[in-house]
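As structure tokens, here come the structures.
What follows is a pair of complexes built around chain A, which joins chain B in one and chain C in the other.
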Partner chain A sequence: MSDTTAQAATKSRPWRQRIDLPVVTAFGCIVILLAIGSLYSPNFLSPEYLLQQLKVGAFLGVIATGMMLVILLGQIDLSVPWTVTLGAMMASAAVSWGPAGEVFAIPFGVLCGIAIGLVNGIGVAYLRIPSMIITLAVNAVAQGLMVAYTGGFAPQDSASAAMKVLAAQSTFGVPHAVLVWVVVGALAVFMLTRTTFGRAVYGIGNKEVAAYLSGVPTQRVVMIAFALCGGLAAFGGVLLAGYAGKAAQSMGDAYLLPAIAAVVLGGTSILGGRGSYLGTVAGVILITLLQSILSVMQIAEFGRQIIYGVVIIGMLLLYGRSGKVSS
Partner chain B sequence: MKDWRFWFNEQRGTLLALAIFIVMFGFYVLNHPAGFTANVVQTAANKGVLLALVAMAQTFVVLTAGIDLSVGMVFILCNCLASYVIVGSPLMVAGGVLAVVLTGAVCGAVNAAIVILGRLQPIVATIASGAVFFGVALWLRPFPGSDPTFSSDLADALTGKVFGVIPASLIFLAATVVLIWIPFRRSVSGRTVYAAGSSEVAAFMSGMPIRRAKFLAYVLSGVFASFAGLYLTFFTYSGEASAANGNTYTLYSIAAVVLGGVSLFGGRGSAIGAIFGALAFRAIGDLLFVFEIDPLWQPLFQGIVLLLAVSVGAARLFQVRNRLDLFG
Partner chain C sequence: MTETTPLFRLEGISKRYGGVRALENADLTVEAGRVHAILGENGAGKSTLIKVIAGVVQPDEGRMLLDGREISFRDPAAANAAGIVCIFQELSLIPDLSVADNIIASDPPTRFGMIDRRAQRRLAEDALARAGGVDIHPAALVKDLPLSRRQIIEIAKALARKPRLLILDEATSALTAADVKTVFEVLKRLRSEGIALLYISHRMHEIAELADDCTVFRNGRKIATYRAGTKSDNEVVEMMIGREYHHVFPSKPEPKPATGAPVLEVRNLGWAPRLNGVSLTARAGEVVGLGGLDGQGQRELLLALFGVLRGISGEVLIDGKPRRISSPRAAKDDDIGMALIPEDRKTEGLMLPMSVRDNLSFAAMSHLSKGGIIDPGAERRAIDEMIQLLAIKTDGTAVPAGSLSGGNQQKVVIAKWLMREPRIILLNDPTRGIDVGTKQEIYALLRRLADAGAAIVLYSTDYDELIGCCDKVLVMYDGAIKRTLTGAEITERALIASALNIDVAEAGPAPALA
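Showing the complex of A and B:
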């Protein structure tokens, strides 16, 4: 199943002749995880199970796409948790405004996310506030907005029909969520490899001064990247709300660390400038499979946390090490 | 004359945090129904000291140009452990305290090993190690609670008032500064941490003991997180493996450090600034409480005040001298 997404990503970047070590290792780890899982239960290799995993992974995949854009710039977005929740809640809220709200639910949720992302982007690009700080504070503001809006309880609004169709249903056995991820992924690959915007993102991640002196409008690119990240996080939230039927308080909390981990495990440098979308796909599948295997094996929560952390450190030690300090 | 200006420039962040704190706390006390009494100060100090200790823990790592996203989880782990071992006779309590501090130091050493020997980026490595620490905390305390023979003598002594006026928690905080921070700051390792935070390559070229200094910084970070964990146990008499609590303290510690004038790029700032940053951050929260804002709107106002305070403190736009400087 991962092959279809993988091929879609590979085809659009035929120029990349050299084998990408982190991506290969990440896919190797996926195979090992599947092997371990199949030893435990033969169901693990059934198409139904794998499709189910891809469906669960699609939500993380959409969110991680935005996170990857920002990490490629050498920045980070810690406002993802409440941007996800805000997207879900605003989309559900739009539904309660009547028939027009039903139509505009998804765009409205995503737009709210873009607005959050724009605040982040303006802070980082124009005010030069370190991204870790501004996104952290914006996360607190988004949380405050949602608590004030909902009164601290889970909102009563439910997801629109379109959201449910997009996130929870499937055609010919293929979940729509996976198709959504494929579309988002294809657009991301096109943007990163075929447009000047994508080139600029890699350039800024390597050295912003150099990109600026080469005539790249770096501030605008950074701002747009953050806006896209916010929009994608909110879109992930919209899908999650569709999947669960409604939005919930702090539904996004579980997505910040996995999104960062997925991007980094996929070989994208946390310092920016290096990384391919194929790697992020691998990272997302890796994280999703790992979580799934740990829960299928019925390991207690504490054991899951420990194994989760150790596996991530272990895999990073395999290929995520930075160079030595010398000369 | 010149010396004075250098000193002022170096301490600008700390002084700014101190000023913010005094203004915020002054407002708080003036509007508090009870006014400026020992009890009001004690309550505020006890709330502030937890965050101050975690922020100091964060400072050690941030000075090396790293970041410790596991600091909240070490704090929670030590809280859970302390709820088991602070029991029995004074001697046993002392042993328990030592065990908790050692655990914190080991957590710091694990982070140090991953970052220094494993050469992983601190931000990712500590996210993962934080999950491990939280797992251990959850294993210790699947449900919130404490040992039935929990000894509250030390807890009461360290959270009460000395001579009926000065909060003991503030004295403890001052003691950590005098006994740990200042000696560290003046040691070769301390200097090296600042040097490595400013430019690791330059520090390496100058033959400074980078690895040793970084290791010490991470271990001290773990030790301070364990102090905070102990203090949380002293306040609550119990341990709770709460992921939300751990994450909140991690994030707040970053905010406090920034408010306190410590540069996230490393090599600038001090733990004393971080203390005032933490106290100021807490005062912001208390301020909203005193003004009786609808509790539902409190998180929003707190978020906006945080956004403004932190943005003004950290925006480099106001410090650049030319356009290229902006991208440096």
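Showing the complex of A and C:
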């Protein structure tokens, strides 16, 4: 990586400072969860089960990628639930328009999500509305639009063939959804580490004033990040619709907290400016496994919710004590 | 020396942060009714010493004696209770609260369990009067006051805690000469009242004026303690930096005849109500100083030039052509080539938690990338070049910028802009709170940049700096340029007189240069 210290450096950093503690912790927790799971059933360590988990996690992974961008800026996107649903419904709706709609279903769904994200982004970057407020409001609007569109019933449109191929099928046992996540993730890593946009995102998340005075178009960067987040959330919705065969009301509701939790459990600072995509990957897998194991253990829904929440709080407390940079 | 026990004594204090030893076996004796100055470069251990005394950090070894009795402080509140109060370099005021609320922030007077506003205000007024800030209204909001007034409030806040030992860490670095005078009178009165003062400053003439005893630190060790006035400035600086000390300021070139259009020309720039018709020119190779009291529009002028402020009237010409600069992004564009070294390096200049590498290349990204994709090789080369050029002391480029010393942080801020090879360099008080050695390097660098063809606009609150660095100085008063001093006219006397907007008869005729 370009991280390796330059020649001017006197000596390299000790390994402890190079490795991200939260990322290691998250991966450690994954191993522990798998060990616990294997006590219940040896199936937990089988390739089939692990691939199945990765496939389930891929949808969350795509959505969390966008959320991570926004959190790196020190913002939040609460419009994710209905952006996911909107992406799924709009893509499915396109299918009902005939052969052309069939072809454009995926891009159309994603574009609708980008439009939602742009509204968020313009509100945050240019109108200076706190992201927590505007994205919550936009979520309500998106919900209203979708309820109006469907009349409140489960939509009758079904997913396009391409959506089903991407989300539900496998090649040589590898689910396509996992491959899609790999591609999205690779692009995200490249964007965060090797592009000026990525640097700008970290810079703004750390100190927006300093980034602005360095001549970075901060408003544009913020707007684009929100648009990307909306687009990725909608894409996640498109994949979910492909997986289930069709869109459903409130299908995105289950993705808001997990997306935020995955990003933050992976070590991305909720205040922005710090975090790696590898951490988000670990966070997504961790959340997915936790959900799976809790359901396999047949713990009642209320119990699952409690354990789920406590684990997130516990991990955050753990990270909150490390990595503070003093001035 | 006196037979009586000193007010406060440190014996063999050591403190380490990780592998770095910040203090090594430090001794210090502070006596009541005397001003004890601590000298040393940044990173010499002064800040740590103060933090130990003020109870902010605990020493690893050694003991502290107050009135001959051994003590230790769990936290700053314990130190306060023992009569040790510290005014830190960074201001600790809350901008959205009133002056009185800030001064009596902890332990306000209460009446029936509620804050007694009238008593609080009276206490605040007393403290303000003792701190020389009688003109400050206790009900004013701190955020509405300029930096120099805030410093006075900071002192008042410390006095309200009834200190026996008052520590001032770079407390005058934000003050203008007139304010420093006020503060000094206050400090001298406090001394005569029997308060012990521990005074940290990088300004030698302040120490000469105020201190009774001096102690020099270098690399965490005490080098020497001596009575003020028994050592020459050169000897002192040598002790501080541990090397021969020649000229602080590089020599100025002979003024060249003006040819062609100036790189930067400003005509009648206004931003109501802070800027009223500012006109100036800066030519290639020229170091133009901005003088005057603090808060006379110098900061706004630099921000206006850099495209930060909205609603500006007047004209800005680059290379003789009128340009509209609407944002820092436009200002740094190569055909304008402007750079701004902002006032506060910690919040405006750097992203402290980010690596030295990311900070250095942040402003020059467009030069180090193609189609938005960074070229790591070009980036590494440019960073190495800058680290060498400015002799930035850093433990690799992957460490957070916040881990560097103040002087090296400022070098990073300057370096990140030099990477763009700017033609117009605006600097807002770049040497504030920086050690002598680094200052010297920055002065030499500015002159080198000017010689290489840059036009430099330097705002400084330090008159010595304006006198030593600048080819001409524009003295601002109330948002306008009141006087232009060139060459030999740039003297402390002329600077102060024009800063106060008064005429000094013996200063001679002063032809205003456009």
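Here is the rule we go by: the second predicted complex is superposed on the first by the 302 of 327 C-alpha atoms of A that agree within 3 Å, B and C clash if a C-alpha of one lies under 4 Å from a C-alpha of the other, contacts with A are read in each partner's own complex, and residues count from 1 in each chain.
The definition used in the following text is that a contact is a pair of C-beta atoms (placed from the backbone, for glycine too) under 8 Å apart; a residue touches a chain by one contact, two chains touch by 3 or more.
Because the structure is a prediction, the values reported are computed rather than measured.
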Q: Check the residue A:Leu317 against both partner chains and state whether it touches chain B (first), chain C (second), both, or neither.
A: first
Q) Is A:Gly215 contacted by the first partner chain B, the second partner chain C, both or neither? A) second
Q: Tell me which partner A:Val264 touches in the superposition: chain B (first), chain C (second), both or neither.
A: first
Q: Identify the partner contact of A:Leu136: answer first if only chain B is touched, second if only chain C is, both if each is, neither if none is.
A: first
Q.
Under the stated touch criterion, name the partner, chain B or chain C, that contacts more residues in chain A.
A. B
(Q) Tell me the contact category for A:Phe197 with respect to chain B and chain C: first, second, both or neither. (A) second
Q: State which residues of chain A lie in both footprints, the one left by chain B and the one left by chain C.
A: 209, 212-213, 325-327
Q: Provide the residue numbers of chain A that touch chain B in the complex, in ascending order.
A: 76, 78, 123, 126-130, 132-134, 136-145, 147-148, 151-152, 208-209, 212-213, 218, 250, 253, 257, 260-261, 264, 270-271, 300-310, 312-313, 316-317, 320-327
Q | chain B to chain A touching residues, read off their complex | A | 67, 114, 118-121, 123-125, 127-139, 142, 200-201, 204, 210, 244, 247, 251, 254-255, 258, 264-265, 296-304, 306-307, 310-311, 314-317, 320, 324, 326-328
Q | Complex contact set, residues of chain C against chain A | A | 306, 308, 327-329, 331-332, 340, 342, 346-354, 357-358, 361-363, 365-366, 369, 372-374, 376, 379-380, 383-384, 387-388, 394-400, 402-403, 416
Q) Of all residues in chain A, which touch chain C in the complex? A) 2-3, 5-13, 18, 194-197, 199-200, 202-203, 206-207, 209-217, 273-274, 325-327
